[in-house]
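Each structure below appears as structure tokens.
Next come two complexes, and both contain subunit A; in the first it sits with subunit B, in the second with subunit C.
== the complex of A and B ==
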């Protein structure tokens, strides 16, 4: 039953679990993505990003829990969802024997809200030759064609699954321009997964880090980067103090240097570290998204 | 639907070519042999003699056409095995099924397009052969006799090829397995019927007693319908592409 209210979340995952045989890929994943936001889903390989996206697109059934897009159940209302969601998959399996114009004609016949003008604009923006066959397209061109197909029916939600993998910097730039354009012009909700953290930094206003099928970190990107700091302490004798400040997501001892990555940073936490015996000096450093991601994943692995 | 039918044609173009070859090959062989054995020589080829020659040849021509039509129908059933076995597995193996899976396209429409395409191919294979058989029966003024039973056997075989191939195609990613199993099932059915008849000591006044045809048709139709139904339900209920 759909509950598509204008102020409800664009995407909602409730206790989503997915098991392949004995392997638990998603473990009670819950998440809400508000309308109009751009959400970057990060995670190491095998974290469950693609599985989450495939469940959202109605291409996989969850073992437990529910996934909703614009209030519609991803499984029960797959057809309605695919009319209002644009999807760029990680691997592109568009019919290789079709020409670009034929792929466009094929897709256009299936969407009620296909916009020829948007389609033409995207063809021009990406310099795609409609007469060219799909099998003759480079990886970059194929991704651009995929984006063109995903946005030409004016979707309310855009889902991009590692769209930039394997693209050269120029193709990546052009693709991002296309995505940014659709976000800015239409105020769409965008969910995308990526390994390229610079691109996430550029696009996303909210990020989530998925690790071992669980959403470990979720929040406004600027807020996360402001409130997460790296503390570099110099130790007197290289022995690590016992107590860690609350919110420590990763620590590393390297000789006399003790590095801590701390969430919800406050001056009190610096004082707490400084107050421990054996700590000679503490320095507070800003952290970038890439380091935050790496520290978080390494911290999770160490804890496991 | 036009785009979907066109896609089906493009995906199955090679199978259609094989089907056309199987359809025409027996006629080509029959016509070639007839022409070779009865080739006109010298002066006989000219004028009135040619007409007389044709009048002499016509009954033999049409009787050869009967066999060509039956043979053509028989071997063309392989086309249905290829179509059924690759119907869904073929799109899984090249992963284009994943492209279809996120388009607003219901499984029902996908299946309808595949069935419509198969019906069109059936028409191409069956109609010319049936027309030639009909004309031959009229020209030769003979009774259909065993012909009807042979046609029923051919139909049953084609349906099993298609039905079993279709069922496996909905479940696997390998069109080769689906096609091969579909093609083997009629042989198994026929062997099983003969085995049961032999074990039950049923009366056999010839090497091919009539009950075998009847049983083969009934069992084959049942297998074909059950396989097709099961495959369709499985595909409609399956979530993965």
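== the complex of A and C ==
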């Protein structure tokens, strides 16, 4: 049964696992994305981002756990979900022999809530020629057409899988423009996976880092960045002290320089590092999203 | 206004800073409307919730005010508030500069020379431009 309450999460994963043969791709993944938020799903290649999205779109069955979109079960109610979700997949399956106007006509017949005005607006914004055949479109135009088809039925939730990969700067800007117009409409929820950290920083208000099939870091992007700091300590004899402050996600020793990336930073943590024998000087540095992401993934790999 | 997505500085603070600078410089004047959330979000290519957060911040500071249904406007005392806040920012960066000068072992006299040279340099460029 669907439990589509207006204040429930737009997307919900509960203990989601997915196994392909002997490989466990998702390992008890749990996540809630509130309505109206824009969630950026980050993770190294093979972390399970596309698998998560395919399960949400009802294209893959989970091995265990559940995935819900607007309170509906992703697998059992996938047809109802497809009416209220716009999906831009990693690879675009659009009939190559059709003209753009034919593809639009075809999709229009599939959705009760198709909005000709939105469609027209997006055609203009993206400068797409309706007479053009899909097989003659560049990669950038194809991605834009895919977004046009995903938003013209006024979906409540928009799901984008690596949407900006391989786009030139102009196509990227136009695509972002189209996504932002959709986000600006009240209450729209967006889930997108990406490697382009600059774009994640621009678009997302919440991020999650997927690593080894689990969601490792999850929260408001600005809060994560302001509460994570890098400590740079100079060691007298280049020997690393034993104790690490709580919340250390990555550390590296380079000669006499000791770098630590620490979550939930507090001045006490600096004192803790400074108080250890052999530590001469400690400096606190700010960290950007790219370094946070890299340190996090490297730290996870080192722990493995 | 330019947003740097690589900076550690939260984007909403970058936007707030950009608007403060624009108000201080008279780009937006007291009583004038600011661009809508949607316009600003699309123009800066950032999430509208982030722009909202920047506007909330400036509203709290008394730099702008919200008129229901009409949008956001620069407050009467907006220009002076923005200049005061710009002053604050400059003081902070000067303090940072002094700190790194000390770490590098520069004496105060040398530091004063550097500061005065920088001020003179800046005013010379300005007189060349005018």
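In this text, the second predicted complex is superposed on the first by the 302 of 304 C-alpha atoms of A that agree within 3 Å, B and C clash if a C-alpha of one lies under 4 Å from a C-alpha of the other, contacts with A are read in each partner's own complex, and residues count from 1 in each chain.
The rule is simple: contacts are C-beta pairs under 8 Å (C-beta built on N, C-alpha and C of every residue); 3 or more make two chains touch, one makes a residue touch a chain.
Since this is a predicted model, take the numbers as computed values, not measurements.
Trainee: So in the superposed three-chain picture, is A:205 touching just subunit B, just subunit C, both, or none of them (first/second/both/neither)?
Mentor: After superposition on chain A, A:205 lies in contact with subunit C alone.
Trainee: Pick one for A:87: touches subunit B only (first), subunit C only (second), both, or neither.
Mentor: first
Trainee: Touch test for A:225: subunit B only (first), subunit C only (second), both, or neither?
Mentor: In the superposed model, A:225 contacts subunit C only, not subunit B.
Trainee: Once chain A of both complexes is superposed, is A:287 in touch with subunit B (first), subunit C (second), both, or neither?
Mentor: Second partner only, subunit C.
Trainee: Does the superposition put A:300 against subunit B (first), subunit C (second), both, or neither?
Mentor: Neither partner.
Trainee: For A:181, decide between first (touching subunit B), second (touching subunit C), both and neither.
Mentor: second
Trainee: Regarding the shared-chain residue A:57, is it in contact with subunit B (first), subunit C (second), both, or neither?
Mentor: Once the two structures are laid over each other on A, A:57 reaches subunit B alone.
Trainee: Can you list the residues of subunit A that touch subunit B in one structure and subunit C in the other?
Mentor: none
Trainee: List the residues on subunit A that touch subunit B in their complex, please.
Mentor: On the subunit A side, the touching residues are 57-61, 75, 79, 82-83, 87, 89, 91-98, 105-107, 109-111.
Trainee: Using the touch rule from the top, collect the residues of subunit B that touch subunit A in their complex.
Mentor: Listed in rising order, the residues of subunit B that touch subunit A are 2-3, 7, 10, 94-99, 101-106, 239-241.
Trainee: So in the complex, which bits of subunit A are touching subunit C?
Mentor: Residues 36-38, 173, 176-177, 180-181, 183-184, 197-199, 201-205, 222, 225-226, 286-290 of subunit A touch subunit C in their complex.
Trainee: Per the contact definition, I'd like the list of subunit C residues that touch subunit A in the complex.
Mentor: 3, 5-12, 37-38, 41-42, 45-50
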